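So, here's a batch of structures to check.
Shared chain: chain A. Partners: chain B in the first complex, chain C in the second.
Entry: the complex of A and B
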């Protein structure tokens, strides 16, 4: 894993992406890049196309136009399985955990793509399968410690409070050892304390593991604090792109947030 | 009984990952196995084996199979009877074509044949879900039974339309046919069920089991984190059908001895096994056994109680049985979708804190 902020290597680049659903245009001709090791925020008013953008990046939505360059390879669209097995992991705006499974099992599913032993070994639960299970379990326990969720290890996630579920979902994404982590509003609906914890986790993941992060967030304080660069979408178009300070000073951004000049 | 999880701390992941992390559970299961293998064979007679033990074991294996598919992977199937028929007919064809083949191999091969058929009928699950999938598997049920009934080759052109299991020895002991002893038939089935219950438990707590449950709980999220729906669903159909095929093989070969396709493998079988896992507990290995035990024992207990005890007419008793079953299904679907297994777990949690509930 990359341990340093190189700052200039581009990990992912989207070129002229346009996406529409029937008559509704969700994204219109948007291009930006994400550099290795940075925290990249995507902001914008409701319905601006932020979540759709993440869905394009990990292959859930297929754009009508444009292309995506990831790790130097350009393709017109990503496939979910390809994205997952090549280091893109994500969390969802509406938590998408496996409700019937425990915290531990949920996070273990994050390691599915790197586990290989076949079903016969598993049925015997012996030799290679046991060894594999133990190794991955150990890895997952590190994540559990890191996120401070030891106490809920065996709890079915459906019974956890909202803030905890968000944390488990982050754990599941981290379990895949992603190179690029996509977080869709990881702090939405949290109280101040929970938000602070989550901010700390995001920063730690970025610093300790060198994971590149793309993050959607509505809380401007958080965005300005933790992100290296910010891209702003409004009505599916990119209206600004730069450091937090540059973006904050941008008149279009101020207008978009105040709801003027949508002519 | 002191039943406590508290205070048993695990110092290694190995210990924590053990199949039954709680000591009392381990003792309980070992006790049940000891009684089942070493105790029951001593007193078992042909009434007990035919009325209770063999149906219980065959249905437990079928319920386990269906539970892997429906309870763990979330794919509803009404084709259980048809898949049991595949297992039974595979056994019949194999044993009559190759009388020298070891019956253990025959049962395993019957499972494998059923797995292949199951995967074929599981293909629609990649496109359709829930109710529509249930209807597709229902079609499999009717098609398979119709096929076995219609095509003489499957029946070895038997004039009665029945298939009959020949007497077969395993390691010098007769396990099928009228001259096999109750204990031998029982132990043969029990060994399969015990072994494959263990295998099922192992599968569901590993990678494959987690990918099934992920598909069950939220298939889109599962796909986005890199679980292939195709592999997960089809492996669930394959493993499930493998179990159900072996169950059909034991059901016909060891329990019934002879069978007529429509009667033995009709849609009632599909529903019966489905009810077993609903009552026993969806997504629970233990639940499959509890459900099978419950559905095998309930009619017998009810009949003994009402007909012999209260002198109620047999027909009335049958009606009461069916009504009671309906009520129970509705109760479990609404109140406790995790069935008897979950009730058992709640009881354990209560006992864990007993006598101080705080």
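Entry: the complex of A and C
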């Protein structure tokens, strides 16, 4: 549905990625690309290797084989710090917020890569650091308005209900003004209303800011609704890749979801 | 005021002074433990090392004198020592921590044990092992003001120490609450993975916390050194910090402060009021008894996060 602003230039491409943990193979020879401006869904049954793939993209996991091309540069693996400072932000399947910190502070940490004042300078002299702090605070307030979480600005996030925490985590990722946003099951465990809100936010981010999004989601309705293209993993292998309609019609995908035994 | 009461107050005040120092050492522990989960056994030796360096920079025949033929004034010597502690922090990250990132806490603890010996040896080689009187011009003797107006005997040094401690803690609090690095430190303490995902560099953060701990150690070293001279037994105050941590909780900055004060004041009062009945020397074991009681009844300490397994 967002086809109109999906360009053809590729923002990120993974080539023949294989990843294993000891004896367990999490990803086996998977390749796909993510185009600038699109919403790219990654789906598949439990344990298919979806989260592992996101972890490979932002450098938490280092694949044994394959390479990653991001913004035209090819590497055998990413590093978390490099990924973050080059515009890749993410959320986690099991919310990873800074539980003791307020909503505002959590989202402020997302500005980390954009706040550039030298660290030593900051330690020696509070003045410029405090001024920079105010400027970024303004940006963060915009995000808070956008996500409609004004009421919980000062609340320690550990006390927030699950759905709200997911929203704050999205806010923290958005604060980095990412080029590529990785969302690991942003709607899992939410009720219908919360899901609708989250869908709206994801679409708005994509349309208004032009942010490219890679999304893992189990709710097929949501996936088919909001994504431009879908890649399907099963037992670590890619079994389908295409538009929602193409994927829906693919027999391997239907089998994987119905649990037909693997030959 | 009755002289009984007066004596009580004097005891409490001298306890506060000792407490501030325990608290400062404990604070150094807490900072490192929060940010990296490492129990830094070398914290006490860092106090010693900082005090040794500071003394050396001001002393005739010290390194600066031998190399440049001058001795530094107090404030420059303090700046130079802070520089030394930052270099030490950087070296520790480079040579030790970086290579042990994914290891168990016990391995990291062992590494800091080794570090303590290395630093102590280095201090001995570089600065010599004799007791050095540290004189920074902090006023000595009793405060006339307190004696005249309140009739209390209070050491000036104790007042300076308490004020310095309070200022240091306030500055640290602002640093932690109001700046990007402070927030990054708290973020790392909270969740390593999430911190990495927003581009916080763990290595930079570690150098910073070890540097801050080094500076806190310097302040503690200055106070202890001004009181009883810079000597190698200084590294043993780390042992007193342990009960403070058990009381305050390993991850709580306010806990380190309150814990330090409770132990400082508690052991002085116990010594004065119960000492005579049990033959004295309560000060030597009071802190550990209190810690033991806490371990039995409230293992997470006064302020530590409750130890609950989430399911």
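Definition applied: the second predicted complex is superposed on the first by the 247 of 263 C-alpha atoms of A that agree within 3 Å, B and C clash if a C-alpha of one lies under 4 Å from a C-alpha of the other, contacts with A are read in each partner's own complex, and residues count from 1 in each chain.
Basically, contacts are C-beta pairs under 8 Å (C-beta built on N, C-alpha and C of every residue); 3 or more make two chains touch, one makes a residue touch a chain.
Keep in mind it's a predicted model, so treat the numbers as computed, not measured.
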Aligned on chain A, chain B and chain C: do they clash or fit?
-> clash
Touching partner for A:138 - first (chain B), second (chain C), both, neither = first
Does the superposition put A:80 against chain B (first), chain C (second), both, or neither?
-> both
Figure out whether A:89 sits in contact with chain B (first) or chain C (second), or with both, or with neither.
-> both
Considering only the touch criterion stated at the top, classify A:254 as touching first (chain B), second (chain C), both, or neither.
-> neither
May I ask you to decide whether A:97 touches chain B, chain C, both, or neither, giving the answer as first, second, both or neither?
-> both
On chain A, positions contacted by chain B and by chain C = 58, 60, 80-81, 84-85, 89-90, 92, 96-101, 105, 108-110, 112-113, 115, 117, 119, 122-123, 129, 132-133, 172, 176
Name, in rising order, each residue of chain B that touches chain A in their complex.
-> 13-14, 17, 19, 199-200, 202-203, 205-211, 213-214, 216-218, 220-228, 235, 239, 283
So in the complex, which bits of chain C are touching chain A?
-> 174-175, 178-181, 183-184, 186-187, 190-191, 193-201, 204, 208
Sites on chain A touched by chain C in the complex = 58, 60, 80-81, 83-85, 89-90, 92, 96-101, 105, 108-113, 115, 117, 119, 122-123, 126, 129-130, 132-133, 172, 176
Which residues of chain A touch chain B in their complex?
-> 58, 60, 80-81, 84-85, 89-90, 92, 96-101, 105, 108-110, 112-113, 115, 117, 119, 122-125, 129, 132-134, 137-138, 141, 172-173, 176
